[in-house]
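Take this structure first; my questions come after.
As written, the chain order gives the labels A, B, C and D, with residue 1 at the start of each chain.
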Amino acid sequence: MNPVTDERIVPVTMPKWGLSMRLGKITAWIVAEGDEVKAGDDLADIETDKITGTLEAATPGTVRRIVARVGEDVPVSGTIALIAPVGVSDADLDAAVADARAVIDAGVPEDADGAGAPVVQTADVRGRKVSFAGAGAGGDVVLLIHGFGGDRDSWLFLQEPLAARHQVYALDLPGHGTSSKNLVAGAGPETPAGAGPDAPAGAGPDAPPGPDAPPGPGDPAGLLADAVVGVLDAIPASRAHLVGHSMGGAVALAVAARDPRRIASLTLIAPSGFGRQINAGYLRGFADAQTRRELKPLVGQLFADDKLVTRQVVDDLLAYKRLDGVEAALHALVLMLLGGDEQRGDSAAVLAALGDAMPVTVVWGRQDQIIPAEQAQAVAGAVRYVIEGAGHMPHMERPVEVQTAIEDTIARAG
Amino acid sequence: MGDAVVGVVANPLSGRDIRRLVTQASVFPTAEKANMIQRMLTAFGAVGVHRVLLSTDLGGISAAVFRAIGRRRGADPRWPEVEFLDGQPIRQTAQDTLDAVRRMVTAGARVIVCLGGDGTARVAASAAGDVPLLALSTGTNNVFPAVREATVAGLAAGLIATGAVPADGVTDRAKLLEVRVGGRVETALVDVATSTERHVGARAVWDPATVTELFCAFAEPDAIGLSAIAGQVRPVARHDPHGVILRLAPDAARQVLAPIAPGLVVPVGVRSIERLEAGPVYHVDARAGVIAVDGERELAFGPGERPAVRLRADGPRCVDVAAVLAASARLGLLERVRH
Amino acid sequence: MARNITYREAINEALTQEMERDDTVIVMGEDNAGGAGAPGEDDAWGGVLGVTKGLYHKFPGRVLDTPISESAFIGAAVGAATAGLRPVAELMFVDFMGVCFDQIYNQAAKFRYMFGGKAVTPVVIRTMYGAGLRAAAQHSQCLYPLFTHIPGLKVVLPATPYDAKGLLTQAIRDNDPVIFFEHKALYDMSGPVPEESYALPFGEANVVREGADVTIVTLGRMVHTSLSAAAELAASDGVQCEVIDLRTTSPLDADTVLESVEATGRLVVVDEAHPRCSIATDISALVAQRAFGALRAPIEMVTAPHTPVPFSTALEDIFIPDAQRIANAVKTVTGWNP
Amino acid sequence: MTDTVERKSLTREDLLDVYRTMRTIREFEERVHAEFATGDIPGFVHLYAGEEASAAGVCSNLDDRDTIASTHRGHGHCIARGVDVAEMMAEIYGRKTGSCHGKGGSMHIADLSKGMLGANGIVGGGPPLICGTALAAKIKGTGGVSVAFFGDGGSNQGTTLESMNLASVWNLPAIFVAENNGYAETTSSTWSVASDNIADRAAGFGMPGVIVDGFDFFAAHEAAREAIARAREGGGPTLIEMKFTRYFGHFEGDQQTYRADEVARARAEFDCLKRFADRVTETGELSRADLDAVDAEVATLIDAAVADAKAAPLPTEADLLTDVYVRY
């Protein structure tokens, strides 16, 4: 970088959304040169091979230069705009623009995701493989726990920014991502029941494999908590801040209840178990959906603005749902989460039992169509954030505000 | 002197019975039998045979020879005229061989060559009467027919047919075993056995435990088949006037290892050994079972039907190929003067 | 979540994982292991293009080399399928169907119906197809329309490594006879493929590119040719093409095709097979019959010509439908006025 | 593979079963011959009368581990394998209650649960299939054997020759039974036609080939018993050639101009049922009364089968589109 550049110039960089992202493309600029922005204001719509999303301003100031053109491929962390106070000279800005242009025009160097890129590791938790990925050095350990049907990529807008000051890990819960899918009886190898008929006469059930019979005994909630503890042991982390979304919130609470001293703070995002009401249709629909046509409208319900629901997002979810064992796992979780059409768990009681062992924060999207935001009231003793314009996925819809909530919670833990 | 006529009968079904399954007996290909006949035709032509009577079959032997004659045209030495015995329905059973040999005898054949195994030789012999018989073996699982190169056998048969070598000095009368069951009569050239099997079925006998009595016209120590049992304990030569009777029992004290079929060398219990005189009738002890002639089950018999066996000296007049060719050498019959 | 592997590796992985999961799965074909009986290394070839490499040692007794007797071993695979095995037989080139087609269309395809629903014949026949490798007329044909015509057979044509693994896994688990077409030119193409097993349902087309102006229905290798045509058209003329990869011609996902044509009103069908009685004519008839009202221009078909596949590079390159011909067809339907 | 297999001899019950099977085949085919003439039976049928000893001789050695595949002349093999006779008759009448619900017809009668992989309208269609079932038995170690029946016509089909070679190369427990009735379609086998013994070809494929008198049940049974035991012991494939003469034409309605008087002669002299009855009564294993009782039983069975078939419902339009796929 050019030492001459004025420190007051703040580069707006192409964010890294997801492990495999190497470049992004601006599909539309929302601001223009000269606009004033506050932290959290929308700057530009960005599209990657995995996802499209809106980049928000991290710091207040004036947009003095737009560097990247619409439709141009920009490498991750390449500068796409410059925010600077009115006092900074045009000459300094133009110099910074030239540097930024050089990076964009050079295209993506081979090892663009070299240093600091999160490395995928696996922990063996009583015979089950649990995948997790960490980023960032120093600071406290933060473990991000996704919800029903999600995976560690759902934290792609948060993990990188949080990693600036903390060691941030995200895991795939059993039955999700690349972790073992076998949630049902015992920790066995990954062989779902073959569908092959043995005698010519008896035609076994046609593919997909795995009988439709309800899963056997075994306690999925326990298995999920074991996985989180397993990852903490594998890092290793004697003390960690937990961030749990939806079902992941209940799992975070369960882990905290097991070993309160080990959990420094809890940030619960639209956590399950704090009320009876839930969009049971979404849960069952997601577990049962077989085709893109059935899945697309369901995924739309997760977001306040379903612009985020691109074909690629639906295809990725469909690809996940077709992995062997996933259908059985999801049905087991639906049985765990629902009693009839209502929520089964009682997170409030778990939280109460924790007393004030650690600072607790709850974050909810005002427009959450899965678990109503009113249930935030039931999270006793927690600092509450209700975010406008966010549905059930505030950590993807409003990442900057969720990041703020997490940072505050970590600070309160001291 | 009349025409020098040779009869040739070939059995397309020989070498294909169940012994291919229960032992390692080989399958003697039809094409090879056809080749043997063609080699003989060349030999016959060389020594001046006028006519050959050839049996017809549905197995492809006569067809192959028929096509070969078509291709032969003027090749040297010229083949004699070949007449295919036609006009009778082919039943693909032993009856075909009997019918062919009888027609050859009535047509004045001076010598009859039969290609096959013991079974074919046995049937041909029963119809050949006094006409000299040259039994050529197709395959190695045989006792009676000679294992001989067809061309040389052809020369021998041809020399007899043309009268160049008088038959008397070069043929030997073989012994014959006659077995009667009620009104039915069968003859055997090598042996007659009583089997405890209840049905003729697949004919062959390969389990010695089922054989209780064995009558042998002759028994050579280097034979294959049931007579090999006697061949190891009481050998009898082809020219000996008598034969031998063995009574067998699996649990008999005296056990002898015998090659009773290709790849089948098994211990056989011998209870008693008795000389078989030519002429007198011997009755079989067994009350029921099947009589096997030359190792093939043929006559089933029940209680009250006591099969009778008799050794006779008036079997077929077998051509001694070596003797014929030795005579030809003495008489220079195959020598020619180049002009 | 998924690493990049090639189309060939994806197929090998599907075979390996299914053989690990179900010991009734067996693999047979000419040189599937390779070198049987010959003194050299046993797993010499692992299939003529290495697709079955490594299976021989991993699954002793379940990877069978065969003499060159397609009727016998394809028929044997069909017979074994009725007796509790799940054979994956390889007909090296689909061009060889002539020497074993009776065992496929008269035996395997008809058993269930002919025997009143009593037979189950879970056999998979993998085969290579497609031009472009200068293999000339008897090693470059498509021929999938012939199999598509036969009731009782399912016909599958993966275009990407991800689809190849998922569709082959489904084919092996499927309880009906499946003919699995692998394009020779795609073996070395790589793409993201999850490590874990997964099965893709038959009869679900894949919209590989969204677009509002023209619907391009295609399959197999032509999916990639159509995508490059669509990219050119978007950049040059701003025409947005929706590219639909059929993935299976039997069963056929008619709804996705009809839905798209009802939206765009314009259809181009791209099919590497010959023009007569092909998938192109089949889709055109379907749309003409069930979405005629939506059509704003006659249907365009881009296919190989009605000739055997030529050998010389100059001819084979113009034999195979290319992006330019597809773009021309798109321009024809967009520029058409009654 | 397995140690030596014990060769069981035929008990009284076995012989009675054999006679019932052969008599059932004969009566079934005679009745179909008669009914066909009335025009009630659709399509065309090929009858097996005269060759009963082959089907009974082979199938009396099989058990439920084994599989057979037949030819277009398959009624005898179906009955010998235990396929329901009433259902077979209903199938020939194209009725819903038929073995294949009326969708297969005479040339495709099958019952996989009985190890009957179907009659086959394609000459030489069966041999590759039984290589497969034999391979399955070998891989699963069930000790099962598979038998392909084919005619002298089928013996010249590429599929048959390829299958015999494949069975040898893979050392499969497979038995190839060539039922040589001397007439492939109408090309009679005269002495000038170069058709060699089918059994001869076995040597070329590295397996034993035996010729059996097709009119003698005991000869057929013994040869098949040894071949099947050999296959169960891992000895590999065998070719058995049954030699006999068909009673009826190549297909019903075939005027048999090419056959002269052979049928009458064969019926009288070589009839396998008559010979079997004579043999078992001579040895006292069965009595004439036993045989007559079976004859009566079979007569009522066939009468009932025809009556039921004629009264049975035809398949409906709804049946047309079912059973094409397991799931589409």
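Criterion: a contact is a pair of C-beta atoms (placed from the backbone, for glycine too) under 8 Å apart; a residue touches a chain by one contact, two chains touch by 3 or more.
Keep in mind that this is a model prediction, so the values were computed, not measured.
For the pair chain B and chain C, chains touching both partners: D.
Considering the contact criterion stated above, no chain is in touch with chain B and with chain D alike. In this view the innermost chain, defined by its CA centroid being closest to the centroid of all protein CA atoms, is C. Across the assembly, the chain pair joined by the most C-beta contact pairs is C-D.
Among the remaining chains, the Cα-based centre furthest from that of chain B is the centre of A. Centres computed as Cα averages put chain A at a distance of 94 Å from chain B.
Remark: chain A and chain C have CA centroids separated by 37 Å (rounded to whole angstrom).
If you average the Cα atoms of chain C and of chain D, the two centres end up 40 Å apart. Centroids of chain A and chain D (each the mean of its C-alpha atoms) stand 68 Å apart. Of all residues in chain A, those that touch two or more other chains are 199-201, 203, 206.
Residues of chain D in contact with at least two other chains: 112-113, 326-327. Chain contact summary for the complex, chain B toward chain D: residues 12-13, 16-18, 20-22, 26-27, 29-31, 56-60, 62-64, 66-67, 84, 86, 89-90, 92-93, 198-203, 288, 300, 302. Taken together, the chain A residues at the contact with chain C in this complex read 151, 153, 177-178, 181, 190-192, 194-201, 203-204, 206-209, 290-292, 311, 316, 319-320, 322-324. Chain contact summary for the complex, chain D toward chain C: residues 67, 69, 98-104, 108, 110-113, 117-118, 120-122, 125, 127-137, 139-140, 146, 158-159, 162-163, 165-166, 169-170, 322-328. On chain C, the positions that touch chain D within their shared complex are 24, 26, 61-62, 64, 66-67, 69, 71-85, 87, 99, 102-103, 106-107, 111-120, 151-152, 154, 174-176, 203, 251.
Looking at the complex, you find that chain C touches chain A at residues 1-2, 20-22, 24-25, 82-84, 86, 118-120, 122, 162, 166, 170, 173-175, 194-201, 204, 207, 210.
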